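Take a look at this one; I'll ask things after.
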Amino acid sequence: MGKAYYTIAIQPEKCNGCNDCMVACAQKKEGTTNPSDARLSIELGEEALAKGFALCRQCAMPQCVMVCPSGALRKDEETGIVSVDETECVGCRLCTLACAYAGIALHPKKQKAVKCDLCGGDPTCVKSCKTGALSLVTAGDLYRRWGDLEDLFVPGMSFCLGCNSELIVRHTLRRVGSNTVVATPPGCVAGVGAVGVNGFTATKVPVFHPLLTNTASMLAGIKRYYNRIGREVTMLALAGDGGTADVGFQSLSGAAERGEQIIYICLDNEGYMNTGAQRSSTTPFGAWTSTTPVGEALKGKTRDAKPLPVIMVMHNCEYVATACSAFMEDYYQKLEKAIEASKKGMAYIHVFSPCPTGWRFLPSKLIEVGRKAVASNMVPLWEYSREGESLRFTQPVDNPIPVEDYLFLIGKYRHLSREQIEHIQDMVNERIRILKALVKE
Amino acid sequence: MINTKYLLIGSGHAALSAIDGIRMQDENGPILMTGAEGRSPYSPTILPYVIAGRKDPSKTQLKDEAFFKTRKVIFMEKDPVKVLNSVMSRAYLESGKEVSYEKVLVATGAVPQVPSIPGLDDCPYEVLRTMEDALKIREKAKKAQSAIIVGAGLIGMHLAEALSSLGLKVTVVEALPHVLGTYFDEVSSQMIRQSFEERGVKILTGCLISKAASGDGVCALSLQNGIDLSANMLIIATGVRPRTDILDEYVKKDKGILVDNFMKTNVPNIWAAGDVVQCKDFFEDRMVLNGILPNAVQQGIIAGRSMANDNNVKPFRGSIAMNTFSFFGNKALSIGQVNGSDNNSDLKEDIILSSSSVRYQKILYKEDIIRGVISINTQLDPGVFLRLIIDQISVHEQKNLLGASSLKAGRLIMSARWR
Amino acid sequence: MYEIRFHGRGGQGAVLASKILAKALADEGKFVKATPAFGFERRGAPVAAFLRFDDKEIRQFTNIYSPNCVICLDPTLPRTVDIFSGVPGDGVWVQCTKKSFEALSIPKVIKKVGICDGFRIALDVIGRPITNSVMLGAFAKTTGLVSLDSLFKAMKSVAFRDAALEKNMEAAARAFDETRSLDLSEV
Amino acid sequence: MPMSIVCDGNEAAAWGVARAKPDMVAVYPITPQSSLAEYISQFVADGIIQADLMDVEGEHTVLSVLQGACLAGARTFTATCGQGLAFMFEPYFRTPPLRLPIVMSIVTRDGITPQCVWGGQQDAMTVKEVGWIQMYCEDVQEVMDTVIMAFKIAEHPDVMLPVNVCHDGNYLSYGVSKAEVPDQEDVDAFLGRKNTNWHVALDPERPMAVDPLTGGAGGAGPSMFVRYRKGLCKGMQNALRVITDVHADWARRFGRPWAPLVEEYRLEDAEYAIVTIGSMTGAAKDAVDEARGKGKRVGLIKFKTFRPFPLKAALSSLSKVKALGVVDRAVNFGWNCGPLYQEILAALYHLRECIPAISFIGGLAGSDLTVDKFNMVIEETEAVYRGKPGPTEPIWLNEKD
């Protein structure tokens, strides 16, 4: 359990549909050159990026193995390869019903299940792929790759136990790298000493406190000068919702409008969490904060959260995305796009950042809170790029769980009345409707 | 007395999946699994293949010793639970041992349902649920020339093919108007039937049995429509019922053990999964029996994770009827709601039918969402379609392509949703 | 020190006229200081601008309250604004008008009057009733304190909008030709 | 050959900027600074200024982008006034402790409310305590020259502080006069090699944390904070010397000897003096000349550098007379007098004797400080010199205009 195994990963945007992988596989497995004999398949759709893949993921908990009544399928605990013992297969095809990736099929002649076995660990298809669309990775590979990147924050910063922002900022700076100037305005990240305390610094890159109000402006000034002298240096903002959606909004808005080349990460913990949990404009309706308290007359915040990421879409940004630490791969992919986009203009990522301290839930529930926020559509994960000209859900939620399943995980919502919950559910439904309208069919 | 944290009663797919479910969250909590037959775990689904000689009965084991060892599971192969005392959290085994558990999963599966037919009790009939049953039928079939199978469900039809392939003259008697009526519509059912009949299997549908008799190595059935049948073997394959007899009265049951979407019974530390449960239906608000292998696996995982306090476990989506069925080299598939005509008049059908060969496909939609699929010998990925149904993915744009080129369309839609 | 006060309406270019004249005088070696009276730039509102020049350095940056010369860019303005306010005597008045000397009411403090039908010239040449360049030509003719060439040079250094430099010079030149002056001390 | 032009103060400032060759300029228009913003934009458009022009959405961002650019090593310039300065105040008051040598013109304007778009020094005077160097100009040419000199002062290693070059809204912003634009090579030679962020930088090639949390009740924090504060004060005091040196250097190179800190006019044998600041001084000098013509022994003391307050230079001049009339173009509400007057009183404490002084407040909201007004100032001051008890309240010069 918990071991990371190899699997073949596909990057659809790199695939040109040449079929080399399928031919190579067919040759190796069947001695033919007929792509339909291959253990993987790539179908081309009408649009350039539309591709239909059929390929085994060598799942960690393979459903095909679990449903096989014949004991013919097994996952090697060492290599992770899911393989078929053809002599034991009776051809019942229950495995094909269990696999959502079309990764296993019945051999038309032998009437036995056949599937990719990674060629024992050195897959022919990957070697044959000239565009780099196919690669052999472990699920853990990604994490290991991230882990191998240098953590450019020092250890021992005084984040709260289970802080989501720490997770995000450390990962972010790892990926963005050392040729970077980091701005972290007053807020949790700065408050834990990200810029340093009393003469000691907390990062291995240049870092500074902008004002709560001018993060994007200051970065814009730095970037413009580096551009002027012909040096490519990345500008990274790690700001909270106060410095972004509230007093910092004008400078952000102006910088986005002017297309300043900045990666702006907003860590939205829905309030001023480092100074005693006061309300911000991204605090959701009904939430308790120290300035929207719960009493006889008032029951938490009376207004809905400002939908900042959507606002940023309409702001001349090159790239806008929402993210959540419960979906780190999703975040990393967005981060990579943001890095690219920031070479042309502003890349804005709005990271949902649950706060165990200020929201009142156990640190151990952090990821669960994130998952349920996404599963309930409280926090839809999407991205927009100016090039793509359309908004795209990266973790579509077709059957959202009721928002109360999310709300009741968190202390700041404990007092909510039925009417308040309904209001939040209505708001969530309405915002999803608006977002969907921005998706180009 | 044996103490354990997790007791798993049964050794089928549900119980085995529960092991992995528990171990996702709890790496070391003691697990005890009890089997009834003194065999390595196997699947009843494989039994027709054993009878047909296509599967070596000694090679049916689903999991080897290493599986239990790496997962730290104690498997007592032949210690069936006799009674479960839900109040004391104790299981009393037939061997006389007592097991004290913190949490228990009841995955006792099902037992054959035998209809009451006058005279049947005196006949040497067979049922097929255990390996012993299979071996017995296989032995008998070696000496027999003919067999009557009562019930044209999956087991009955599987058996009919198996026995027919062994050279027996097979007659199938079914009370309902069609074979495999649960899974296939009239057209596809007729195609399957025709295929059987072409190979000499006699199929009598819409026939009720009035009495049974035996003597001289021959079993005889009288049907209500006046037909008399006789054969060397009589096999009853009229379905199964959940095996709930070990439970006391505190555990709520209807036809099966009633469970919620996390496979929990009304008793806080008792879970149930697999063929023994009665659970939510996927499409409709009702509690249904659930004798379907992939559902049992799903339930087992959910039950295991729930037992180990995994807060992120997603609830069971509800039982969906589904099966793959192979007959004489043909491939049939059924998922979800397949009959639009009955009480589901809002379903729309998209049908491809080939008259020249055995080829048929029907996709049922409710608006833009797929509700069911029947396929006989057409190309599609069953698992992809199952996922499209479960996730209720709107396929408005791709409807035409889904009907005409199901394999490609399904893969395109699914791939677009992966990351 | 010689002090000039421009009167005009917003849009007629009184402030620009003071700037041009300042440049022209500076070019002729004079020390100059010019300031506009400040207000919102509403079209049609009365505006004023002030200019001092001298052969020695001028230090004060203030408005002008007792001008030696009043230049009025608009024919209707004398009816609403006391353009002669503070003129101490022996004053010079350069007025945009199509009236004759006889039709003007000339106060006692004015010693010399220059008139020019600036509107007609501006409309003829520039196409719009902007009289600043015209009245600079009239001022040059009336007073002889600045040469037309210096004015042209100054105009060239000012960024005229719509590239109307040529037309403005033409208008100033025509005004120079058409301006008639009356010396009351000789009467 | 220096180019001779006739221009207003805003254009003169823009020419100063052009000759100083900044890397980045950011401006947000506001009356009466707008034409300065326009000149700069036009100069950038015409290639006269080869700087990155940041056309941003407000003064707050104006100064913020310049702070960023400056931290990366850029020479920067901006200009504002009045409400724009108020809106800019948040980044404004951290610029000095960041030790960023930004040069900013304040085209001084009176404060609201009542609503007012005209000149007055209320804006600059209101922000005088936060560590910017402030120099007030008298004349169009001085505006141009001082803008150039400001860069050299700001970027001096002993100073490293931002500089405000203040010129009066209306009278200097729009006031036209002859001016000389110095040759580029001469200015280049004067300013020397640019090195704006030798001290504090945001550069991945030499990572440092700019502005870490500093302070608290114990540990290294408080002493470190005091060190920062004392450093800033030292930079301010160093600036007095540097301003003087730079003005001397300017006079040597360009032949225009502006008084760097305090200017004395006809003070040598004066019995009493009037004290001025900014563009009012011209008319004041004319009034002094007139009075002298009538045999009155009056002199004038003009403050060019107001921050840091040139205490020594001020005392040297103030101690030469026996009565003072201080004319302010702004109000010190807390003391019911003009702000310069208040500073003069503080300076006078350092003399062992008491010199009577009157506070005059005039020129508010664009009102005119004419020679006549200064005649009155001289009369009142003379009366006090002659022994009449001074007024206990300020005299409002334009009260009856």
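Labels for the chains are A, B, C and D, by order of writing; each one numbers its residues from 1.
The definition used in the following text is that a contact is a pair of C-beta atoms (placed from the backbone, for glycine too) under 8 Å apart; a residue touches a chain by one contact, two chains touch by 3 or more.
On a predicted model such as this, the values are computed, not experimentally measured, just so you know.
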Judged by C-alpha centres, the chain sitting nearest the middle of the protein is A
Rounded Å distance between chain A and chain D, as computed from the means of their C-alpha atoms: 53
Please compute the C-alpha centroid of chain B, do the same for chain C, then give the distance between them in whole Å. 106
At what distance in angstrom does the C-alpha mean of chain D lie from that of chain B? 91
Centroid from C-alpha atoms only, then distance chain A to chain C, rounded to Å. What do you get? 71
Which positions in chain A are in touch with at least two other chains? none
Sort the chain contact graph into one of these: line, ring, star, complete or other. line
Which pairs of chains touch each other in this structure? A-B, A-D, C-D
So in the complex, the part of chain D that touches chain A is made up of which residues? 23-24, 26, 52, 54-58, 60-61, 64-74, 90-91, 94, 201-204, 207-216, 219-221, 224
The residues of chain A that touch chain D in their complex are 178-181, 190, 193, 195-211, 213-214, 217-226, 228-229, 233, 250-251, 253-255, 257-258
Quick check on the complex: what are the chain B residues that touch chain A? 13, 16-17, 20, 23-24, 27, 42-46, 49, 54-55, 59-63, 66, 70, 293-294, 297, 300-301, 311-312, 322-324, 326, 329, 331, 333, 335, 381-384, 386-387, 391-393, 397, 407-419
For the chain D and chain C complex, residues of the former touching the latter: 4-6, 8, 32, 117-119, 139, 170-172, 174-178, 279, 281-283, 285-286, 366, 368-371
For chain C, which residues are in contact with chain D within the complex? 15, 18-19, 22-23, 26, 31-36, 38, 40, 58-63, 65, 154, 157
